[in-house]
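Order of writing sets the labels: A, B, C, D, E, F, G and H. Residues in every chain begin at 1.
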Amino acid sequence: IRVGYPEVIYCEGKELEHLKKIVEDMLKLDKNILATRVSKEAYRAICEVTDNLIYSEVARICVINPKDIKKEGLVAVVTGGTADIKVAEEAAITLETFGNNVDRIYDVGVAGIHRLFNNLERIRKANVVVAVAGMEGALASVVAGLVDVPVIAVPTSVGYGANFNGLSALLTMLNSCAAGVSVVNIDNGFGAGYIASLINKRVAEGVE
Amino acid sequence: IRVGYPEVIYCEGKELEHLKKIVEDMLKLDKNILATRVSKEAYRAICEVTDNLIYSEVARICVINPKDIKKEGLVAVVTGGTADIKVAEEAAITLETFGNNVDRIYDVGVAGIHRLFNNLERIRKANVVVAVAGMEGALASVVAGLVDVPVIAVPTSVGYGANFNGLSALLTMLNSCAAGVSVVNIDNGFGAGYIASLINKRVAEGVE
Amino acid sequence: IRVGYPEVIYCEGKELEHLKKIVEDMLKLDKNILATRVSKEAYRAICEVTDNLIYSEVARICVINPKDIKKEGLVAVVTGGTADIKVAEEAAITLETFGNNVDRIYDVGVAGIHRLFNNLERIRKANVVVAVAGMEGALASVVAGLVDVPVIAVPTSVGYGANFNGLSALLTMLNSCAAGVSVVNIDNGFGAGYIASLINKRVAEGVE
Amino acid sequence: IRVGYPEVIYCEGKELEHLKKIVEDMLKLDKNILATRVSKEAYRAICEVTDNLIYSEVARICVINPKDIKKEGLVAVVTGGTADIKVAEEAAITLETFGNNVDRIYDVGVAGIHRLFNNLERIRKANVVVAVAGMEGALASVVAGLVDVPVIAVPTSVGYGANFNGLSALLTMLNSCAAGVSVVNIDNGFGAGYIASLINKRVAEGVE
Amino acid sequence: IRVGYPEVIYCEGKELEHLKKIVEDMLKLDKNILATRVSKEAYRAICEVTDNLIYSEVARICVINPKDIKKEGLVAVVTGGTADIKVAEEAAITLETFGNNVDRIYDVGVAGIHRLFNNLERIRKANVVVAVAGMEGALASVVAGLVDVPVIAVPTSVGYGANFNGLSALLTMLNSCAAGVSVVNIDNGFGAGYIASLINKRVAEGVE
Amino acid sequence: IRVGYPEVIYCEGKELEHLKKIVEDMLKLDKNILATRVSKEAYRAICEVTDNLIYSEVARICVINPKDIKKEGLVAVVTGGTADIKVAEEAAITLETFGNNVDRIYDVGVAGIHRLFNNLERIRKANVVVAVAGMEGALASVVAGLVDVPVIAVPTSVGYGANFNGLSALLTMLNSCAAGVSVVNIDNGFGAGYIASLINKRVAEGVE
Amino acid sequence: IRVGYPEVIYCEGKELEHLKKIVEDMLKLDKNILATRVSKEAYRAICEVTDNLIYSEVARICVINPKDIKKEGLVAVVTGGTADIKVAEEAAITLETFGNNVDRIYDVGVAGIHRLFNNLERIRKANVVVAVAGMEGALASVVAGLVDVPVIAVPTSVGYGANFNGLSALLTMLNSCAAGVSVVNIDNGFGAGYIASLINKRVAEGVE
Amino acid sequence: IRVGYPEVIYCEGKELEHLKKIVEDMLKLDKNILATRVSKEAYRAICEVTDNLIYSEVARICVINPKDIKKEGLVAVVTGGTADIKVAEEAAITLETFGNNVDRIYDVGVAGIHRLFNNLERIRKANVVVAVAGMEGALASVVAGLVDVPVIAVPTSVGYGANFNGLSALLTMLNSCAAGVSVVNIDNGFGAGYIASLINKRVAEGVE
């Protein structure tokens, strides 16, 4: 009951030996494997199993046994600041590995809102927008007020003090005064990419 | 910059005179008007302006100046219990007024999970699922583990004690261990219906 | 050690007899009296003492013994929605009673951000902006990113669910990614008006 | 006034010298000693006192001076994911050391609910179920809806973001819509094992 | 998959017409019906369907169509204060309707701990203890330190201020320093009675 | 406006150079100096200034330039467990340095309440009791129900999970159902010792 | 094991019939009876039992069967504002009924700190200070910095918004940067009076 | 749309290579550059780009490419304790770099309120006061009650236990009973300096 093609491993909290075992087993399936939350140690452990892999340090993602993927449709991934990029890349690489075209539009938060406006035409071309923002997280509402497609909002833990590790952005996004926004867990780039992929591919492929 | 056809009024906290004025103005546009969070008092105030309207007491929604709406695609609206139906109906009527076919599957929560399994074929026919649940809100995860379409989760404030007015269900849904879930505000049936409509119609119509 | 001219009474939680006594005593001073958080019952009690007063039901404010006030400078009071107006009016009337010119610019929240842009020239004329918003409270950040004057942000309790009675807007405003914002208590229109008056008048009058 | 046979030491926060002294004293009693929350340092300290002990690194438990234990009845320990196993093992080893038969059924969470159904017959054989889950913690409700025995739920701190270190799973379990669930502290495998042992042994032994 | 004999209806939030319909349907089964959270209005509605019922106003419980129930084993229900009795009675009547002998020992909280000691022999005769307490909720720990049977703790919302509607007692009980305690939701007398019944009856009947 | 004799330095967060400077200056006053929250690094820094000092590693306190102190009256310091001793010692040494006799009665928490009863005569001899406890913090209520003197309660951060770093014990103590308890900050042994000293000395010396 | 002379009844949540019964029983003892949290309905119920009583509506306290009380020592009760007086009076009348002289010094909060300074000589005459304040609750710290006697701080629920029903004042008081402060529950005037009485009487009477 | 002259870089969470690139680009503009939240590593990285810079280790600020700045008006920066100085210096250096005269008045908190009074004349000379305090944060209210200029309050995370990383001081400041206070995020010295600069310069320069 799993959509899309790659197998997925969530590495956080897995023992390295256990992890290597999982990767070895999956390699037999001859499919793309997407490993998320891959620390440098976990990356090195996986390298002992295979060297046929691509590692994004910023996204903490490994695409193992990478195969050619046919990409469809379009998803825009936007961020408020540069510190949100690590979460955005988790979403973007997830999207690409699941077969979606991605347009990355970073650092367009509301402190300098003209940069958002300058990119509006690009954003409007997408079937879904993934909006990634920390601190006050206002980006998702502003974007949803400007586009007609679903916005998947990802609060990040970027910030300090009354940010309470992402609670501030999370509440902002849940209370969006613009309709068309739904929200995933704090820093959950994978989750946002996954649901955005479900939507975009269904639009691109039409109903079977 | 509003998708779909109806005009929307959020009645909560609006003075009755102000509300009547808004309705009067909108009636000139000759479109469907969807009024949400309509108390009985607000309903009576709107009736003074026009009697061409349908009121759902349970959903607290008025469809004013109702026009024939062409319905497309399919959205499943599921609830955990019967007390969640008022929020589910807010979603369902929103969806219908925006031109979506809706399949209502109520009271299929995890306390009696066989009822959910009995309805799985119906749920799997939809382009999007809106999952509405209070108390522990486990329904959204369970459904997402069983279907391949996006699940829009709506936590409700149904429950008491450590439920903290819906916080429990909200956190459950944000932490879903099954991928493919995104979440709207507590009791926000309208918001769930709106984003589900954006998704379903884009799928049904294909990309322009 | 009190700036400005009017005496101030905070009526919440004061017994009606006690309140009437305070008003009677203050009337001897022959000054403007600003009473805040005036319920209808409190209003009626004050009317028994004097009929020389103006009551704003929406702001729940009485200006008692109203005198001609010389108005200086300019403060812009902006709101996200119409439900925020009651808090905004508490700020605006406080400002006027303390001798400030006020420009009211209501319902310009981020769900329809073009209305904010259409009013930017008016807002930029002010020495201070009071930004009043509930739900996700993004207005304050967006405004602060667009103007060069201090923004006093007032979170309101407008909203429901994960809004937690204004906590959502409060956290948003404290975490503003645009600099130049400081924040008062939830629904504290009086407090925002008071500090905005301190700033505006000092600018208008210059340093003594 | 302590049930069962082993002596118990909770090592967290105890100075190593103090800990060694306690172990030495207890050894005189010639009984099983169950030490919980044993860090590697604490383990090494205990080894200086005796080498007659078994250490489970994953459960962070030492059984010191292990004696033959007669095991009675049956308790099922189930987990949602693999990261919950460390807490589950704390429960399982506690149960065994107190004289209970244990059936371990791990990684049967609601994201892949068929694995739970495949194991239902095994689970139903137990006198008590200990259900261990992090993230959204839905496992306890689902199990309780499917079995007729008491379910002791253990929320774990597995997860991130809006999980708030286990708060999410804790609230889910307290709000279970299926009756028959009671809850212990986050990550408290020992506590769950202890009360499950009280129940299972009383059932197995009958009332004296 | 329901243990015990009575049917259960949770009345909170059910429309009166809906409730009457449910009762009518259940009456056909010729079984005990236990209705919980029965307001006076709900009670009157049920009376329109049948007059063969017993209402406990303090427990807000109706036993409809009451049949002779064979009672087994023993459960002690203890409370800290007199204000906790309404929750305790919800547990006690649930227990009796499910076929358990109940010993009620009320108002034995830690402020006057000698009353608890005076009743220790009675408490120790039970197979399970249901400990109901509000305010600081210390009763559950103290009892668990004194008995060898499982303690099901029910925090109540009795108290004010930093009690935060039962949160204080809930946290106390979850953090019990005495082992053998597990916890249900705030004010959830029914849930405590239900799980205590599962335990007591299994002990009394032995394993089949 | 400082009671008692010693000078007090709170070392947390002070730069080492700054700290040495403060100690040097105070040494000129020829008085006892009580330094709290003294890390090993801070201790070493102070040693560079003077070697006339006593360091309690467990209490993280230095008494610098120790002078003979006349001790009066009696304060009992009790703890629930052994992990609370570090906070209790902060209180006890503070009390002694301020000139109070102290009776330490440790590890008498409610999990084994007979140990508390065995020490009741000693506790009742004191003019004030300082009750130090973590986890569920029930000790303070139980003690206050048994003695007729003021109880100063100190919640500790000992525990895990739903303890929330001492919040659980703090709330328990604030909600004590036994009168005669007041509470200081989590882990604030110094603060408890200070106010207990104010009370005990005033009693011992009588009113001047 | 109760100090002082009067019997005490906490009326909140007690059924009226139950309350009358308790009062009747206590009247036989021929002692002062202090009933707290007495609503008007409860007052009327008590009047049916006896007319020998004094009711303070503001403090919601009844002194039933009032006897001559010898008053000793001195306790100062201070408040920040006038809205805190109802809690202060609960403390003051409790103190008087337990045999303490009380000096009431109200409305001396930090917004107009000169009023506090004008009353410093009176405050310093007391053996204990009860400091009652809502909103930001700074009064307790400021007073403790100015006097050498123990300060019992009572946070009140006076305020709104980010006051969170007294949480703000509670946290302020627990974090007092001036030593010599301990804290009771929000709005707990009785508790503050009780412990202040324990202290004051012990000082006044000397150690037996 | 940025006021004042320097460019600003927030270094937290920026990769060192990225940071060096930003500094290099900005150096071309021949302006002051203010870098905040500069760790020692970040400082060393910047030194590789230019050695024309001043580093304040305590404020974690670099002024890069420092130019002569004309200073206007006056802002007072006050702190409660010495541990608050690091946040205060972030505000003070921000103010100076933006062209404001600054008067630093440190360690004048309410535990020793006479030091505040001794400095009142200096504080009253300022156009704005920045009040920095941790623990209970009462300083802002007390200062606002004593001066007629706007007070920008900065809660700090200094403290422990029920301080909850600055939440206590934050709530205190938001609930100030003295009018004229507005609040920035916990530890946000830069934000306070920025808005204080906006106010002071506008006053000093008059309206253009």
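Simple rule for what comes next: a residue touches a chain if its C-beta (ideal position, glycine included) is under 8 Å from a C-beta of that chain, and two chains touch if they have at least 3 such contacts.
It should be emphasised that the depicted structure is a prediction, and the values quoted were computed from it without experimental measurement.
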| item | value |
| --- | --- |
| Neighbouring chains shared between chain C and chain H, ordered by label | A, G |
| Over-half contact-pair match to C-H, picked out of the listed pairs F-G, G-H or B-E | F-G |
| Computed distance of Cα centres, chain G from chain E, in Å | 36 |
| Inter-centroid spacing, chain F versus chain E (mean Cα positions, whole Å) | 41 |
| Chain C-chain E separation of Cα centroids, rounded to whole Å | 51 |
| Intercentroid distance (Cα basis), chain B paired with chain A, Å | 26 |
| Multi-chain contact sites of chain D, meaning residues that touch two or more partners | 1, 112, 145-146, 161-163, 167, 170, 174-176, 179, 185 |
| Chains grouped in pairs wherever the two touch, ordered by label | A-B, A-C, A-D, A-H, B-C, B-D, B-E, C-G, C-H, D-E, D-F, E-F, E-G, F-G, F-H, G-H |
| For the chain B and chain C complex, residues of the former touching the latter | 1, 12-14, 18, 155, 157, 165-167, 170, 185-188 |
| Touch list for chain E against partner chain G, complex | 82-83, 112, 158, 160-163 |
| Touching residues (chain side chain F, partner chain E) in the complex | 80-81, 109-113, 135-138, 141-142, 144-146, 159, 161-164, 167-169, 171-179 |
| Residues of chain D touching chain E in the complex | 1-3, 8, 73, 127, 145-152, 170, 174-176, 179-185, 190-192, 194-195, 198-199, 202-204, 206-207 |
